[in-house]
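Each of the next two complexes has chain A plus one more chain, namely chain B in the first and chain C in the second.
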Partner chain A sequence: MLSFILRRLAATLVVLLVASFIVYQLTAISGDPLAELRASRDPDIQSKLAYLSDVLDLDTPPLLRYFLWLGGAAGCLVGQCDLGVSIAKGQGEVTELLAGAMMSTLQLITLATILSILVGVAVGMTTALRQYSGYDYTVTFFAFIFYSLPIFWVAVLLKEYGAIRFNRFLADPTFTPVTLTLVALFLALVVTGIVGGGLKTRVRSFVVSGVLSGAIMTWLNVTQWLKTPSIGLVGVVLLTLVVSGIILLLTTGFGQKRAVIIISAMGLIAGAMWLPGQYLFFYLTGFTGIIAMIAIMAIIGITLGLLFGGDAKREIARAAGIVGAISGLILVIDEAMQYWSQYLGLISIKSGFVSTIGAVTPTIKRQDNLWLTLLDNYAHLILPTAALMIVSVAGYTRYARASLLEVMNQDYIRTARAKGLSERVVVVRHAFRNAMIPIATIIAFDISGLIGGAIITERVFAWEGMGALFSAGLGHVDVNLVMGFFLITGLFAVVGNLVADLLYSSLDPRIRVS
Partner chain B sequence: MARKKKDTHTMLNQEISIEARQTEGLSLGTIVRRRFFAHKAALASLITLGLITLIAFTSVGVVIGGSGNLVTDPETNRLAVDGFRIPGWWQFNWYENYDVVNNGGAPTLQLWPLDPGLHPFGQDTLGKDIFARVMRGIQQSMTVIVLVGFLSTVLGVVIGAISGFLRGRIDSFLMRFTDVIIIIPTLVLGAVLGRTFGGNAVSLGVLLGLIAWTGLARLVRAEFLSLREREFVDAARVAGASNLRIIFRHILPNSIGVVVVNATLLMSAAILIETSLSYLGFGITAPDISLGQIISEYNEAFKTRPWLFWYPGLFIVAIALAINFVGDGLRDAFDPRQRRLPRTEGAIADIKRLLNRGGKK
Partner chain C sequence: MKKFRGISLVAGVGILALTLSGCAPTEDLTPTASPTESTAEVTAPLITVGWNDIIDDFNTSSAAGNNVANSLTSYLTSSGFNYYDNAPSLVKNTDFGSYEIVVADPLTVKYTINDGVVWSDGTPIDGADMAMAWAATFGYFKNADESYMFAHAAPKDNLASKLPTVDGNSITFEYDVQYVDWETQFGVGVATHGAVQMAYPDIADAAAAKAAFLDALASGDSEWMSKVAEVWNTGYSSTNTPSNPLVYLSSGPYVLEELVEESYATHVLNPLYTWGPKPKYERITIRQIADSTAAIQAVDNGEVQIASGQPTADVLALVQGLANAEYESGEEAAYEHVDLTVNNGGPFDPASYGGDAEKARKIRQAFLLSIPRGEIIDKLIKPLNPNARVRTAVQFIPGANGYDQAEAFYADYLGTDEENREKAKALIAEVGGVNGDVGFWYPEGNVRRGQEFELIKLSADSVGFNVVDESEPDWAFTEKVYPELNPHDAVIFAWAATSLAVSGDDQYLTLGGPSNWTGYDNANVAALLEELQTAVEVEDQLRIRLAIEAELAKDAYNITIFQFPGLTWWDKSVSGVSSNLLVPYFYWNFWDWTPTAG
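Up next is the complex of A and B:
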């Protein structure tokens, strides 16, 4: 195994070197980095030019200059990074610029990636289970459309309809009877499509889901929840119970009494933690409070599972731990929501909650309050996350559908059914886990590509990340900056490839690396 | 009713099964063509694509050769494009300014009764005709799509075939070379190349074609690795066929499905990459125009002049979507496992059964 990894790393290192050489040369010959300066009428421009061409070694031909750069980059191995200075960004050190940009890009893509994997896999797998149904065809059709959307076009539409008009709606959030009926009908149709079954089941699920969503929206109207959203004690308990239901469905099933009781108890415990949680967040400020909350809830779940789990204590402890961690997260979100009206009061009234540009609001940054900053981050992330998700959800949906269909046609699935296992166990235990193997490798590969792939999203939403650095660097023939960008994306790609290979071999015992 | 249903069943199966192929003597091409024509969405997309291309190229005419720069014609004192221009049937062109007709240049297109008016897609602030601009943009995008599709398919097939068939050192060298290209994100490499050598549709198409072949090469290589071990290859070799003949006459036709399907997917990716690069300013640049560049140029005008933004975007989506559907149809046509049979369960079938029962009574 170790020799495999080492050999792979050596081979990819050579590949990375050649690729970086190509990028360096292509960028270097694309123009004159000092063209802008030469055009300026500054009196001591000559000395500036001389200084810059000395710093950037412009007298050395690019073929040799690459090795000077490589020497500086090799210093990273011993902890002395020297990637040169950037002329596009006011002669700043490339390493410092990269560090800042990477944090910003990671912030941008993390939420989008997690959400698109969850949504994409869930939608894709349900379509596979309802193959050739109306739901399947509809999702396939929309996946095709989303896949064909240019992101810069979607982004402008999102800015108009997702932010400006939505903000206007949020100022007076009341659904008219017409929208209420239409949305309820639409949701009912979607639910009916997913549930499937015969005519009777469909009529029943249509009526139930339609009435339920209509009722929820009426409730939102009456309480004006959208104006000052909060979760509250009841919300925390209900949300945790919903999460418990989903986790139960995916892990132990509702057949095991112990599991059902322990995991449902987590909902009540989360409710009981609501008030103590407020004190916790008051005394443990900063991220320690958040992490402590999630950890405490997870530990409670695991302990309960181990103590009362009986024969299946490991499975129950695991499931209860997951539910606990998620309920901790719900408590954290609840805490952040309590600052909602304060946040709305601080940002300018005109702009509204959903922000269209940049990553932070200066007034909020000055407040130096963790919860306000979280809300602010969230407000700025909504649109870019939506734009990034539209394309990647479509991809994951297709992969997940194909993968689960492939698995469901295998002989061992028939065997499992023939043994008399319930459909839930067949799908969750036998099919789902195996269908996730190829998706896991695709995810590993995708994440590595995302770090440099958000160039257009960053441009549209004025986000100062890696993509913005690349555009600025290429626009100003700033070889050092482009190379810094490439070094990071290239390293991520190499590591991502390797992780994908190792994941595949460790998840699928039929594949051995050698 | 029941008999009719049975008939359609057997007809469907006839199209698919190998026995039918033997008895009817259909070639693979005929079977694929029949299955493709049975895929309605794919067929409709193919027709749409053809229509869009036809209208785009005939309406505003084409420019052949020349530098593509805008020059002032000394005789008429009007702007003209450098190069040989074949005019089209549309009265306006994409580079001249006209008098603004509607207020703010709003589209004159009327859906009912259908009347395109003078400027169906509207005008920008200077009075340029958006219909002509969008059509010119589609021309450029189509040129890039075709060039990328052709070049990268040829490169991918040749490189994949050579490395899969010959194996050994050549294989590992070619595959490491493929790795080098793959490791640089396509958008990044495209931007760097486009800024250095690009500017117009032909050069951008060639550049993108030179870097987009990597995925196809890997797939073709995998196909060749498995096909070259089959008996019919041994038979051909014993009969004295040369390597070239084995590659092109025996193995390649057997992997044509993979090639064709991936070539279409490459082409739909090509239009998105081209428009993205042009949007960033590293692709097709002024004085030439492309769909992405139009959107980038009018980016800020969405609130006041949404038509500047809707039409180019809608055409990008339409073209990419149509190519994707054609690819889907081709995949179904080439892959017999992907057959679609009528459903016998679910609500619609239930209703049909109910209706049937009612009819019998």
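Up next is the complex of A and C:
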């Protein structure tokens, strides 16, 4: 195992060296970094040109200059990085620029990646279970459309409709009867497609979901919920119950009465914790409060499970703990949303909240309030996250579908069914876990790609991450900056590959690295 | 029953918690909106403006800090003896201080800062601050290896070497030569006590720091000075809000409040500022937005109030589609022109006509006449800037003092494209034909210049030239300085004038100048440029520059075509925005930005 990793790392070093040489030369010969300045009629331009030529060693031919750069980069191994200065970014140190850009890129892609995986896997696996249904075809159709959409176009459209127009709509968020009917019909169609079944079931799910979504939208109209959204006591209880249902489905199933009762009780407890929670957040400010809330709810869940779980207490405790942690998160979100109107008063957008540029609102950052900062992060992340998700969800959907379909045709699934296990247990316990193995490796590889792959998203949303650095570097023939970018993304790609290989072998006992 | 006990316990806990929560007082738990601050003179709390980069160095005079993004924050947070308005012309700011020539020859100038003008920490701005600017600008101190101790962006050690006289609020110094651009050359820069106290933290008192600096300057104490210079060179670089407030001392209407790397810089009103126009926004935030489309959507969404960019047809259409915004099509400092190479044996070189300079001149004039400037403006520029006009002067920006007289020298070129082509045919007929093809260079990949080339080729070929496409992606010819030869006969690119400074034209108008890629050589022009170097009086400068322009026109040196179009757009919630083709662009009159009612 160790020798495998060492061998891989050694090979990696060679690959990085050769690739860095090639990238350096290609960037260096692609143009003249001082071309823009040469066409300046500033009387002092000659001293500026001389200064920059000196700082960037432009008098040394690129073939040799590479080794100067390599010398500085080798310093990173002993903690003294010198990647030179960037001409595109006002002669700033490349190492400093990279550190800042890394942070903001990670901030951008973390949420998008987690959500893409959750949504992509869920949708992909449900389509596999409903193979060749209307739902399956529809998802497949949209997956291919989204997969092939150019992201710069999606991003600009998202800004126009998801931010500018949506914000205007929020000035008076009332659905007209026509919109309301159309949306309700559409949602009813979608739900009917997912649920499937015979004609009777289809009619029933169509009517129920249509009426329900119509009712929800009417309620939104009446309460103007979209203007000042909140969760509230009732919302916390209802949301926790929904979560409880999903977790039950995925873990113990509805057959176990004890599990059902304990896990459903979590909804009630979350509601009971609503007001004490306000005190908690009042006295425990900052992230401590958030962590404490989630921990308390998780502990309540685990304790209940262990105390009253009976024979299956460990399993129930785990499920109740998960439900508890999520309900804690819901309480946290509820607290943040109580700051909604204060937040709206502090931002310069006239109506609505969705932001199109950057990562923070300056006026909010000055407030230094955790809850306002959370809301601000949400307002800024929502669009770029959606843009990144649209493409990756489509991909994950296809992988997850293919993977689960393959597993479902294996012999051990037939064996499991033959043993008389319920379909839920067969899918969740036997098929799902094995179907996740190839997806886990894809995810490891994908994350490394995303670090440098969000170039267009970053540019459109004025998000100053790695991609923005790279495009600035290319635009100004800034070799140092491009090489800094290359070094980081190259490392991530190589490490991502290694992690994917190791993950595969640890998840699948049939594969051994040596 | 075990099961029953479980259920009842769960329910019990729930009910207990619900009951407990019912007793809780709630008023102190719900957040309330904080009252908005209000000041009598200020009429709005905040304006956000876009730019493609933000500040990372607070010393814009240093080699490392000299760029446009830094100069924007500097413009908001400093006062100077003068600034450019959008005519463009240089305007004196007498609320801050004054300057005068005390002796005409040798040129001796005196700068005086008004009483009560202070840095944002309350320390008076005085002669000691200008003394450090003097030492840095004129490269007074040098390291052992003869490099400048103060790494100024444009050090000029040949201009002034005699120590200045500092007297309280004023400084008087003598130039070694009669230097034409003395007026735009000198300003206050960063605070002396700030640099000294950062270098020597033991000096607690600002006055003591200033005194120590003046002593070291007078006695030439290089060792003491080197630490101050080190701070001056690198100590002002900061990508986030600097931890030491001495780094961002302000002498202007605003002072930096918060800087977030690669994101935004917020400036808040300087409470001590009384010298000069009073801005109407309590805070100005500059946000970094590189992409024009993003900046337009940000204005549409209300996140940013003012932004600018280089227009393309798409960008202009988007801006015109904004319901709540206004825009101004303006000009930028860069201007397009075609230069002809006269020493490479091509069709514009007298050598191709048996050394007959007059024949070559006529051919050059014919080629310049055949460039369809009207068509280029109408087809390529007017769609982006409806107010676009032909620029016909090498040294003068349209609108600047002297432009009209300069344009008159080019009377032959001012007709319609059709008339010009007839004149060109006549000139070629006089000479008896063009010797050789015209190798025409334009930067490959630049769409607009590619289109310009097509129009020029069509028109020039019709009068008797044979224009050959020599476009390349790189600008190799700019590295060939006399006596090396520019292989292209004609090149099209843009010069960007960043100030109204009058010196510096020798860089491209004298043989051997670092930007002279045409081989242009005219003894009269060289003599006039020499004279211009020492012409301190504005009238003399204008006379000499017009004389140079006349020579250039007579020699058919080149032809200028248009100013680059610029576009500024702003939300209707603000008025008083106006573009400017020189740095600091639309920021130039930030004190006029006024919130509109409603």
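Just so we're on the same page, the second predicted complex is superposed on the first by the 505 of 514 C-alpha atoms of A that agree within 3 Å, B and C clash if a C-alpha of one lies under 4 Å from a C-alpha of the other, contacts with A are read in each partner's own complex, and residues count from 1 in each chain.
Everything below uses one rule, namely that a contact is a pair of C-beta atoms (placed from the backbone, for glycine too) under 8 Å apart; a residue touches a chain by one contact, two chains touch by 3 or more.
None of the values given here were measured: they were computed from a predicted structure.
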When chain B and chain C are modelled together on chain A, clash or fit: clash
Touched chain A residues, chain B compared with chain C: C
Contacts of A:E160 with chain B and chain C, given as first, second, both or neither: both
First (chain B), second (chain C), both or neither touched by A:D32: second
Partner chain(s) touched by A:L2 [first = chain B, second = chain C, both, neither]: neither
Partner chain(s) touched by A:V494 [first = chain B, second = chain C, both, neither]: first
Partner chain in contact with A:R459 - chain B first, chain C second, else both or neither: both
Which of chain B and chain C A:V222 touches, first, second, both or neither: neither
Partner chain in contact with A:D44 - chain B first, chain C second, else both or neither: second
Contacts on chain A seen with chain B and repeated with chain C across the two complexes: 31, 156, 159-160, 459
Residues on chain A engaged by chain C in the complex (per definition of touch): 31-32, 35, 38-48, 51, 89-92, 96-97, 100-101, 104, 156, 159-160, 163-164, 167, 257-258, 261-262, 265, 268-269, 271-276, 278-279, 282, 304, 307-308, 310, 338-339, 341-342, 345, 348-350, 354-363, 365-366, 371, 459-462, 464, 468, 472
Complex contact set, residues of chain A against chain B: 11-12, 14-16, 18-19, 22-23, 26-27, 29-31, 132-134, 144-145, 147-153, 156, 159-160, 196-199, 202, 449, 452-453, 455-456, 459, 470-471, 474-475, 482, 485-486, 489-490, 493-494
Footprint of chain A on chain B - complex, ascending: 176, 179-181, 183-185, 187-189, 191-193, 195-196, 268, 272, 275-276, 279-282, 292, 295-296, 299, 302-303, 309, 313, 316-317, 320-321, 324-325, 328, 340, 343, 345-348, 350-351, 354
Chain C residues touching chain A - in the complex, by the definition given at the top: 2-3, 6-7, 9-11, 13-18, 20-22, 24, 26, 28-34, 46, 48, 53, 56-57, 63-67, 69-70, 151, 153-155, 181, 237, 239, 257-258, 260-264, 266, 285, 287-291, 293-295, 297-298, 300-305, 334, 473-475, 478, 493-499, 501, 503-505, 507-508, 514-515
